[in-house]
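Structures follow.
In the two assemblies presented below, chain A is common to both, partnered first by chain B and then by chain C.
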Partner chain A sequence: MTDSLQAIAPARRWGKRSPTPVEPAKRVQFDRPLLPWLFLLPQLAVIFVFFYWPSAQAISSSFYLEDPFGFGASFVGFDNYRDALGSVEYRRIAGFTGFFTVVVTGFSLGLGLLFAVKADKVIRGRSSYRTALISVYAIAPPVAGLMGMMLFDQHIGPFVKFAGWFGWNMQVGINYWDTAFAMILVSVWKQVPYNFIFFLSGLQGIPASVREAAVIDCRNGFTRFRTAILPLLAPTAFFLLIINITYALFDTFAVIDVMVKDKPANNPITLVYKVYNDGFRGNDIGGSAAQSVILMIVVLVLTLVQFRWLERRVHYG
Partner chain B sequence: MKKMLAMTAALGVTAQAAFADTTQITWWHGMGGANEQVINQIAEKFNAAQTACAITPVSKGTYEEALASGIAAFRSGEQPNIIQIFDAGAATIINAKGATIPAEDLLTQNGYTFDREAFIPGIRFFYADADGKFIGMPFNSSAPIMYVNDEALAKAGVAAPKTWAEFEAAAPKLKEAGYVPLVASQLTWMFFENYFSRNNVQMASNDNGYAGFDGTELLATQPELLAFWTRVKDWHDKGWFGFYGAGWADNQKPFEEGKVAFWIGSSGSFGGLSKTATMPFSADFLPYDETAKDGNKSSFIGGASLFAFSGKPEAENKCSADFFNFLTSTDVQAFYHQATGYVAITTAAYEKSKADGWYEQHPQAEIGIKQLMLPQGEWSKGYRLGFYPQIRVIEEREFNKIFSGETTVEDAFKAIQTEGNELLAKFAKTSG
Partner chain C sequence: MNRSTPFDHLILILATLFMVLPVVVAVMTSTHSAVEIHQNGLFLTPGSHGDETYTTVLTRQGGFTGQVTGTRMMLNSLILGIGFAVGKIVLSMLAAYGLVYFRFRFATLLFWMIFTTLLLPLEVRIMPSYQVMSSLGLLNSYTGLIVPLLASATGTFYFRQFFKSVPDELLEAARIDGAGPFKFLWDVLIPLSKTMMAAIFIIMFVYGWNQYLWPMLMTTDERFFTLMRGIKQILQVWIGSQIPDYNEAFALAILALAPPVLVVVVFQRWFIKGLTESDK
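Then we have the complex of A and B:
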């Protein structure tokens, strides 16, 4: 932490021309101290309006119990947090969210990598394979959810009929785990192409000389992949891991919403959906704000852990 | 091209001239499909009938989405003039005094007379305050009724049941004839709220919540209710009751396809069902529980009503009043009732539909209104419970668990009672 502070400190002396070129050439000095801020302003404004301001609002609302129409709010301290964390239902949803995130991230990354490695080896017709795999990414999450809803429909769903041939009486919307299965399948299917694109470009960025050297050193293809290719893909994989966790936690909302047909009943939902359900459908603003703050803290901790612990193992070539 | 531009400009000018002395008002609602078409037709009729006001209906998705959009809009000062709020959300908006202008006041302040007695009895209480003053303007009112697959009845040789005991007698024959005897959409409305009203059982303390929010508790573990649900669970186990999840359409679909003998739906489903059903169907009252001491009472009014948001200019409020008055006119009511199957809210509109011979052609369309005109019990006037949309979410979850075998009937209703009461206590605090 102290290292980074020291690195930032000289930058504060913008505008002061140093008479001797002692400082490294990397540190650009600006004549006009305000100009860089001016360039940053649009971005900062966007972050402020769409992130800091709403976050501050959420934090303050989470300590109040508020009438939905905004006529009166009474301070309740940590009651909203206590209500959320003390509820059996909330903990059950948190448990499912964890499970869902791990499974969706795992399968999306695993399948994306598998397809990328295989597509990297194909020579004839490679572009058509790639286009076919990538095109799924162009589908918007609600549309993916709609397709999932139809595929798994109790009355007309082809997947339900297919499962029936194997003696699986699939009841999406009634049976908790059947619905979970359908949601995970659609969410993974939607995310695989994204990972595929990045892994493929990562693989193509590995120099041929390294690959050739690896072939000389090791005959076993899998060992070669594990010891030479995979470490070189680590920066891509690390980036994708963060993106995929965020996807599973937040962006799957539309898929879930469409698949439970906005009546979750006893179907699995994630924490984000619960925030929406309580806040927008239940009009419980304080409770919903407290839940979103909890979620913010979870993401903050997760990101810190990833950058502090995982990134150290990543080698940027 | 130039000519076209000039023409467009000219058109724009004339259009503006026409709009210059027309007051624009907006109406947000939660209707889709066939019912949204009818709403648009009503707006067109209103706009054609006079020139002072023009109303624009905007669909905000489902009932719940309409309520949420309305709240968000009100908080940011962008509220529409009129909003449609569903039965379960009534307590939320009625409790927010100052957010709306009571429909009765709006009309009388703008020079109209308001006669509570003109409305059919079952409708007078649900959207009114404790003194009987109409806060919301009843619009699409419905009753949960039983649709009957005539083919199934003929094949099995049974009659439509009046009580649940009669259903139990008919069910084995229907099952043998290859039908799912009974399916119901939205069990929260059909088998929970309206169990209380049809069978005259108290739903919540404090006079079903009308006497105030403080200390109001849900009475979800009433022995009559538990006994009834134990029967429902038993029907499900025997294959007499089909459960296809919490979604409305998932449960309606098998009936449309002719696979189900009885489907409990809304009287407002009639318009859509007459287009989609693949077999002849009739309708009857929602059966009542023969074991209840004082059953066969009127059901709660379902559907939604219209509320006029406050904070709008006088001229616009005048237009909202004009529109409310237009809506209750006998012709419009009769048109709406006949086009959708929603209940005619005024006695005059009911009489007109009778005179039109509408019920001779469509006897199903009269069931809902007849059910609402049944004698009212002490507990069938309505309920006023805060955060009720959220309580319904809990009910849906627990009902689902009952049918998937994850919980027992008793535990499910205990959970509804406990979690529901937590929400009610919270609501009492917000309104305090």
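Then we have the complex of A and C:
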């Protein structure tokens, strides 16, 4: 029998702190040394071939300058990184990516929270509102992008006409900031349902007794929300923050690709789009790999910083 | 407890309009002819050309080789969605079982190796992944379409969390009855996980169906095009045409969004449960 404690890493996912640094996955376990390998083998094989191998290749080819016609590669050290970080274009795109990420994350979280708070409050029609608000979750980013293209179409788009009434000559696909506006709107629209689902389930997890106590203590609805409900939602919000940043950085690729229609020249693009564009269009394999590695580092740093830094300020109920 | 006010309903109605109206417009407009749309803009009422447009989109031989129809793309999307979901459930359930129910060396190391895959999405290693696929000769194949997407640990974590919540007494009882690891998995754990599997299936089906970048790179052969790839195609044809086929583009968008939206709406309860409970 194997009742001994076993040190599998803690059950620690985003934002949840485990009581002890190391806890066993199970008190009771099978004690066969080889069998678990058999169960893990398929997953490990896929991860090695399609995760670790390409990641290692990205790192190694970022130090090489590859001949575009396939005649070998020469070691160039950190040149690819220097080229990327030194170029004005790269910095401009990085700046836009930062701006885009902040705006998309902020609006999707804000709207998701607002809708969830209201949907939690009403009783009549609650399930209809909920169904309507989550249905868009299942729409793929490129489809959202295509629909956005139509709504912002120069010729038939109602948004363009609407903007025209206010003297705004909106030219999506031509004017840099008009395109950025359309991209942000589509990206936010696509992401609100996800945040809505999580905030609503977070709100519904707050016990009635806590809410009633808060009503007695504080008459002002907004203050009550800010001081009693919001801290209880902090773990959810913290988890969503990371997910939303990742979404804005990576998953919006399809929205951007559809909306700039292969003409990134004068249009706003994000860093992921540039990795793709330089690698597959420009055939600059080393440069594209270096940019991939930079993005990997950004994601890793972001995750670690948030784990260490934000976690301390989050109140766990 | 707080009473709801008309103001709350107002916000929710505006929210619903904001989320749903674009979809309604897309559905309605797709039933009008391209010329009508060109002249009058988008529609909020149904038109009379729906049958025609959808039949064209589903059956017309498109593309450069004339080998791809809307039906074919839909079938490919379905294969990708279902293949991905099933593959993910099988791989991650086995891996989670190995991690949770066994005592063996390197378990911690393996856990972290799998965990790391959560940190880096496919998009940041897209170029080398493509090169790996090409050197394995897997371009333009269903294997190449599905298997690389499985290289992430989300499903493993869902199942791991779930297995940990299963009472220990079950394993003790099963062992007293003489059940080995395979029997325990098959007769106890899998029946217990049915709801969880359904929830993960829905999430993963939607994820697989909606894949865009990877299928776009992997498939140059039009027989393997998915609906998402078709959307890119229709926009490329669009540039430079006199009256763009707005109706067909909308119809394609509706075909691409209807299956996942229906799945999520119909199985809403499982879907939300799977999504929120396993992510905490």
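Here are a few things to note about the model shown:
The definition used in the following text is that the second predicted complex is superposed on the first by the 268 of 317 C-alpha atoms of A that agree within 3 Å, B and C clash if a C-alpha of one lies under 4 Å from a C-alpha of the other, contacts with A are read in each partner's own complex, and residues count from 1 in each chain.
Quick note on the criterion: a contact is a pair of C-beta atoms (placed from the backbone, for glycine too) under 8 Å apart; a residue touches a chain by one contact, two chains touch by 3 or more.
Worth saying up front: this structure is predicted, and the values here are computed from it rather than measured.
By the touch criterion defined above, A:239 lies against chain C but remains apart from chain B after alignment on the C-alpha atoms of chain A.
In the superposed pair of complexes, A:173 makes contact with chain B only, with no contact to chain C.
In the superposition on chain A, A:280 contacts both chain B and chain C. In the superposed model, C is the one of chain B and chain C that contacts more residues of chain A.
Once chain A of one complex is fitted onto chain A of the other, the partner contacts of A:155 extend to both chain B and chain C.
Look at A:261: by the touch rule set out above, it reaches both chain B and chain C. Of the two partner chains, chain B is the only one touched by A:74; chain C is not.
Residues 155, 261-262, 280 of chain A lie at the contact with chain B in one complex and at the contact with chain C in the other. Residues of chain C that touch chain A in their complex: 1-2, 4, 8-9, 11-12, 15-16, 18-20, 22-23, 25-26, 29, 37-38, 41-42, 90-92, 94-95, 97-105, 107-108, 110-115, 117, 119-121, 123-132, 136, 147-148, 150-153, 156-157, 160-161, 163-164, 168, 171-172, 175, 181, 206, 209-210, 212-213, 217, 228, 231-232, 235-236, 239, 246, 249-250, 252-253, 256-257, 260-261, 263-265, 268, 272, 275-276, 279-280.
The touching residues of chain A, counted against chain B in their complex, run 65-72, 74, 76, 83, 89, 154-155, 171, 173-176, 261-267, 277-278, 280-284, 287. Residue ranges of chain B in contact with chain A, taken from their complex: 62, 64-65, 67-68, 71, 74-75, 92-93, 95-99, 243-247, 249-250, 253-254, 257, 387, 389-390, 393, 396-401, 403-404, 406, 419, 422-423, 426, 429-432. Chain A makes touch with chain C in their complex at residues 1-2, 4, 6-9, 11, 13-14, 16, 25-40, 42-44, 46-47, 49-51, 53-55, 57-58, 61, 111, 114-115, 118-119, 121-125, 129-143, 146-147, 149-151, 155-158, 161, 189, 192-193, 197-198, 201, 208, 211-212, 215, 221, 235, 239, 246, 250-251, 253-254, 257-258, 261-262, 272, 275-276, 279-280, 285, 288-289, 292, 295-296, 299-300, 303.
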